Amino acid sequence: MTGAAVYSVVQRDLLYAVIGTGVISLILSILFLFLQAPDVALTEAAIGVALTTIIFIITIRNTVRYEEDSNRHSKPASK
Amino acid sequence: MVGSPVLFIAIPLLAAFLIPLLGFVWKESVRILPGLVLLYLLYLSLTLMEQVVHTGTIVEVIAGWAPPWGINLVFSPLTGLLTTLMILMGFIIWIYSYRFKNIDFQEAVKYFILLLMLITGSVGIVLTGDIFNQFVFIEITSISAYALTAFYKGRDSAEASFKYLMIGSLSSMFLLLAIALIYSQLGTLNMADIAAKAHLMKPEFKILALIFFITGLGIEAEIFPLNGWAPDAYAQAPGPIGAAFSGIVVKAGVYAMIRVMFTLFDVAGTHQFLIVIGIITLIIAEMSAVRQEHLKRMLAYSSIGQMGLVIVAFGIGTEEGVFAALFLMLNHAIIKSLLFLSGSYLVYHSTGKYISEVDGIARNLPITSFLFALGSIAIVGMPPFAGFWSKWSMLTAAAHSNLILIIGLVLSVSLIELVYYFRVLNRIYFFPKKKEVVVKKPTINALLAMGLLGLLILIIGFYPDSVTGYLHAASQSLLDKGKYIHDVLSTGQLLLP
Amino acid sequence: MEFKLFDLSIVEYAFFVTSVLIILIGLYAALVKKTLIKIVIGLSILDAGINLLLISIGYLKAGTAPIFSPALVKNMPLTLENIKKLSEGMVDPVPQALVLTAIVIGFGVTAVALSLVIRLYRHHHTLNIDEIKNLKW
Amino acid sequence: MKKILVLSLLAVFGVYLAEVLFKIDFGHQFFLNGVKDFYLTASPDKLKVANVVTSIVVNFRGFDTLGEVTVLFLATTAMSSILYKGRHKLGERAVLFSSSRIVMTGSKLLFPAIILLGVYVFVHGHLTPGGGFQGGVIIATGFLLMLLSYQDYQVSHVVLSVVESLAGITFASIGLIGLLNGGTFLHNFLHTGVLNNLLSGGVIPIIYIAVGFKVGAELTGLIYTALNEKD
Amino acid sequence: MIYILFSILLGGAILTFLANKISGLLRDTFFLLTMLGATLIFYTQLHIGGLVNFSIGSFNLEWGVNSFSWYFSLIVLGLGTLAAFYALSYMKGKENLGFFYFSFLISILSMLGIVMSHDLISFFIFWEMMTWSSYFMVIYSGKNVQKNGINYILFSAFGAYAMLTAIALVYANIHSLSIVEMISNYGQFSPALQTWIPILFLMAFSVKAAMMPLHVWAPGAYSDSPMAYTSVFSGALSKMGIYGMILIFVTMISHLPDDTWFREVFAWLGAITAIMGTLWAIAQDDARKLLAYSSVAQLGYIITGVAIGTDLAMLSALFLAALHALFKGTLFMAVGAVERQTGTVKFSEVTGLIRKMPWTFIASLLAIIALAGIPPLGGFVGKWMLYESLINSNHYILVIAIFFASTSAFLYCYKFLFGFFLGQEEKEWAHVKEAPALMVVPMLLMAGFLVILGTFPGILLKPADTAMQTLGFAPTEGHLWSMSVLFNAWGDQVLLRPLVYAIAGIFLFFLIILTVKGWKNTRYVTTKDISSSGEVPLEHENLTFSVNFYQPFLRAVGPVMKHRMITWYREFGAGMETIFDFTRRIYTGNGQTYAIYVMVFLVIILLLQNTIFG
């Protein structure tokens, strides 16, 4: 889980980083099951894995995919 | 029984859920409904306040489970006072924004829902007697605040909002950590219960939880190194929302912080700590305000500074100090709201909201300028306006506790404050107009709202006795920790199905 | 400062260690990474860490989930004593309820944050936080 | 430089946090008279709700849930307010990936099943793991599936907001009825029935169903808003 | 009665303000009626010793009149009424008149309030009302607001806050705000408080009295307000500072074990103020500035008198205070008259108005004579008493300093008279007429009163003596002020009246001779033609004699004057602003930096937790 977290922080392709967070959520929900918290596991699985990831992906789709791109086509901030 | 404190939360929520539905039927209702709700709640809070001052704290139990188990709402003289203040400010802000900028219907729906929730969240923070519930209300307030900050599309509002959100997320992280630490030790989330059992906590847990609380709530209360988001958010939010931030949201943040420090834990040194951070906040904020080019940003820094002053007054820790702090909060809410509301009309024509563009605007906007001047003079603490009495009570409280240095500092900072407010006033009244600017005349409802605030300043200024009774009751109820615990935990009727 | 970091009980505390590490990683991303999306990712990782921490605090060794399911009750008459006996073997349900709330709130905040990111990109054509500072001083 | 500063800050923070956390006896409860014992007994005994988490979420700490639903509602409102550009242009949705016929058909088949699963989850919220949130989220994923695979799939905004509002109003009204009926907000004024029956727990399942609808509608609306966002 | 007096002034102020919207005549009527009504009530109805009580904000407020406050009210209302008449004519046709009259009346009200307050809180409130009403006047013209206006309000606020601190300290210690109780309990304060409370109060009062390190607001503020108000500003409002100083010196400082130290410092500050004020006045080209600096100097004498604090010195201070109100009021009015008739107040532009504005000239001549302290006018009596008290209390060096200032004052007095009224008549000013009667009559009235005072100083000395008795001085039994006799330091009796007559006679004689001689030998030469001196003037070069008047003298005192206090303050202010500007860069605009601040804050508390929460 920590590995997934590190991966999604260092990964420069934002899409993969987001998938990384999805993996974190997945592992987290499994951990929740181990910790006898089925309700929370269910919620985390549904929200963390599915919805959060999809919203991130939509955002990336609307902005940029690679971290290096984040300021590449920056024109002077339009006022 | 006139009504129960839970109505302060339930009715606005009901209204917020209703607004989109009603919007399909009658568009105007979207704007009217929040006002009606707030008016009713204002009536309710005033009657409850009267009752509470005479008969003692009302503890409202949710779902029929007695306090340590169920969530409870506490309507004490203190929380009641703040609730009344917040709802009053909310109502005035509603009046002001009733026709604010001809925003289209879809935007109006969102604006009024968010505004209503901003107020409700703040009221919830104050009323609730449960730390996790308080966290939930803080989140409600914050999310509405993020959205309202980013409400205007043309400005850099999204930037301000994002900064706010970043810091706000850190705040909620710290709050959750603190809650986790407390729960791991005491197994309870009820504030009174925690206060009663605080001595059972291991000291390192207690102090770490306190530190997390200070950091988390300090972000909401805008104490110095944590308030980077505040000037941006104040300046970029629409005018009435700036007023709501300084009149409602910060008050809730400061209340939460003070409640944690005064009631929850019995850690030594909190008072001195409050004084130190309060002074730092005060000085840095006022220093930053002096050379400010943007009017609303200047007001924002001034607002932060005033909150620093409030925190210093709380830090004095005596009943007089708390009284002064509450009085300062009350006055600051009224006066700073007036400044934000009138100020946003003064710089309406300026895209950058520059102070240099208000030159000679008094000729076009005489009433707004007059109200702005009234607010400036009052906030600097000149008698016989409202600000003077609170500053005076603060000074006597400090003098009583032999904190002479604080008096000196506070007054020298007041001098700084005076300089930048009067610079703006001079510009408004005496500078020649640079070019023909198209000024926006305030609408009737905006004038009404500002007039009400101006009237309040005068009333409190000339007849401070009108509020001091409530303030005394409130300050006693904050300091009487034993009574708080007793009041909450003795609400023992275990209502069961 | 006494440290049990190298104690054998480290295994027992794996959940705490993991959650603290994840909180720190999330914070690092939020405080150092320049891309707005990375910052938001950091914040959501942070949330995950805190949720794990809360649930671990409520854990009871060899406990059961706090559900009186038919499988658990097994046709026992549900007298108060029986309930008490069963409940002693259950993990703490309160943190679970809290985390349930916290997850949803965290999701709400993330959604708002991402919509702000889209707005910022539309306005500034960049996602670099160092370049988005029109508001300062 | 900044990295080093941040790393050292985080190190201090982490050490202090870990130091204190390690003093928690993991896997053992050590506080006396905590609230959880009461919840664990009162839930099956008084409320006749098998899932204690549900009874906490909906009844003991129902106020939190009301707040939480509000947070989601606000997040939806906030998101559409932030991304609002004037009038929506329909049919210009962002295309994440072009979907094949197989995917389309598959989604069409899966969709009712997912919705049904969601409904099941929140109807049985007081008996089995899961509840309003989980069910609502599952419903939302169902809609998400459809939205992703069919580019011209539209969800009526009116219907969404009506469902959302009605569910919210139901929640708040049940609370207020409780206030009128039993003197406290969210008072459980219905007969609680027998443990592990579907019709048990008084108002708890009703509230959870309302929550389910509300969450489902809100999340669907949220995703819909996000998906309709396009430069 | 005090209620009625105050409500008349407050109500009149508001009515005047509102009437401005309806008609100018109505406004003027209201204004005049208010002033006259207040004055009438004051003289006929107010009883010395009456007290009224009421409470506000859980404070008990107490107002009353004693002979000490009566004396100062007399100055305020006397000068105020005359200035009101003057203002009607002076202000005619200007903008925002409702605002002007409103502020005028409020400032009169607040000054009366100050002297009639018997508790600290209403004292402070009236003090602040006085500050902002006079601030409105300073910024009325709209010129130099950002500079002079801010200066004025900043210094006033500084003083006010010092006072507020003192009041808070007093309140925290004795739980009462009554001035009487403060004085009677003063002995019980801790030694530190016994020193600091008077110092803090004196800071507030010396700002208003324009004492040396705190005087820099005065020239700008005096010269920027409309002249109709400046006469009150300089004449009466600054006396509020003197009022407070007297109170503090008599009731507190004199009870201190080491009060000589205090007295010496303040006496010297007063003397230095007098000298520097005089020197600066000499250098001015603007008549308003000249008078402003002269006011600063005159207040310096009074402060010295107050600080010395013997019977005679106090008496002379009180006498000079009233006198200063009279002559400075007259002079500012005269400048106002010139300004109104010619449109300028620069000596280098206006000359030779003596024939155009003879009455103004006569009034200012008399006022100047009084100012310079030349017999036979009142100024002489006051200064004489001051010198005598200084010599009696062995302050010989102080006498020299004061005498230096006093004689140097002749220079600017002469400059004032000569610059405006004497010299060549310029064609440019041929059309100038005498000011309207409403303006001239108040000036002449005051000037006339100055003449009377020169011979019969008892008219003022008697109430001043009564006032001093209220403060606990022994009655002076008349021998100090018995109209005709003055004691000098060596115990000889000098008959004042013959002396006065003798000097007046000499003066008249020379005047007649000079006039007659001058009449015969007058020859018109334009002041701007100096080609006969062999110089070729440039075009547009102003060559009036008033340019570089007293150049040699100024060159001589130049080194002293090089260091202007105001530049120090300005540099201090600029330095502070630079610091402030630097400070706000903490808010870098980068959200991430703010987040790092949060972590830094957290870590600092974490590391210091044992110190903070130990």
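Note that the chains take the letters A, B, C, D and E in the order they are written out, and that residue 1 is the start of every chain.
We take it that contacts are C-beta pairs under 8 Å (C-beta built on N, C-alpha and C of every residue); 3 or more make two chains touch, one makes a residue touch a chain.
All of these numbers come straight from a predicted model, not from anything done at the bench.
Student: Can you list every chain in contact with both subunit B and subunit E?
Tutor: Both-contact set = C, D.
Student: Using the stated contact rule, I'd like to know whether A-D or C-D comes out ahead in C-beta pair count.
Tutor: C-D
Student: Which one of the chains is closest to the middle, using the mean of its C-alpha atoms?
Tutor: Minimum centroid-to-centroid distance belongs to B.
Student: List the centre-to-centre spacing of subunit A and subunit C in whole Å, with centres computed as mean CA coordinates.
Tutor: Each chain reduced to its C-alpha mean, subunit A and subunit C end up 14 Å apart.
Student: Mind checking the centre-to-centre distance between subunit A and subunit E? Centres are C-alpha means, answer in whole Å.
Tutor: 73
Student: Nearest whole angstrom, what separates the Cα centre of subunit B from the Cα centre of subunit C?
Tutor: The mean C-alpha positions of subunit B and subunit C differ by 30 Å.
Student: If a residue has to touch 2 or more other chains to count, which residues of subunit C qualify?
Tutor: 15, 21, 23, 27-28, 30-32, 34, 36, 39, 53, 56-60, 65-67, 90, 92, 94, 96, 98, 100-101, 104-105, 107-109, 111-112, 114, 116-119, 123-124, 132-135, 137
Student: List, in ascending order, every residue of subunit D touching at least 2 other chains.
Tutor: In subunit D, residues 2, 6, 9-10, 13, 16-17, 19, 24, 29, 34-36, 39, 51, 53, 61, 64, 67-68, 71, 74-75, 78-79, 82, 129, 133, 222, 226, 229, 231 touch at least two other chains, as defined above.
Student: Specify, in ascending order, the residues of subunit A that touch 2 or more different other chains.
Tutor: If we look for residues of subunit A contacting two or more partner chains, we find 37-40, 43, 47, 51, 55, 58-59, 62.
Student: Every pair of chains that touch: which are they?
Tutor: Those chain pairs which touch are A-C, A-D, B-C, B-D, B-E, C-D, C-E, D-E.
Student: Given the complex with subunit E, which residues does subunit B contribute to the contact?
Tutor: Going through subunit B, the ones touching subunit E are 159, 162-163, 166-167, 170, 174, 207-208, 210-211, 214-215, 218-219, 224-226, 228-229, 231-232, 267-270, 272-273, 284, 287-288, 290-292, 301, 377, 380, 382-384, 388-389, 391-392, 395-396, 398-400, 404, 407-408, 411-412, 414-416, 418-419, 422-423, 426-427, 429-431, 462-465, 468.
Student: Residues of subunit A touching subunit C in their complex?
Tutor: Of all residues in subunit A, those touching subunit C are 1-2, 5-6, 8-9, 14, 17-18, 21, 24-25, 28, 31-32, 35-40, 43-44, 47-48, 51-52, 55-56, 58-60, 62-64, 67, 70-71, 73-75, 77-79.
Student: Please output the residues of subunit C touching subunit B within their complex, sorted ascending.
Tutor: Within the complex, subunit C touches subunit B at residues 23, 30, 36, 39, 43, 46-47, 50, 53-54, 57, 92, 94-95, 98, 101-102, 105, 108-109, 112-113, 116-117, 119-120, 123-124, 132-135, 137.
Student: Which residues of subunit D touch subunit E once you look at their complex with the stated criterion?
Tutor: 2, 5-6, 9-10, 12-13, 16
Student: Per the contact definition, I'd like the list of subunit D residues that touch subunit C in the complex.
Tutor: 2-3, 6-7, 9-10, 13-14, 17-19, 21-22, 24, 26-29, 34-37, 39-41, 43-45, 50-53, 56-57, 61, 64-65, 67-68, 71-72, 74-76, 78-79, 82-83, 127-129, 133, 195-196, 215, 222, 225-226, 229, 231
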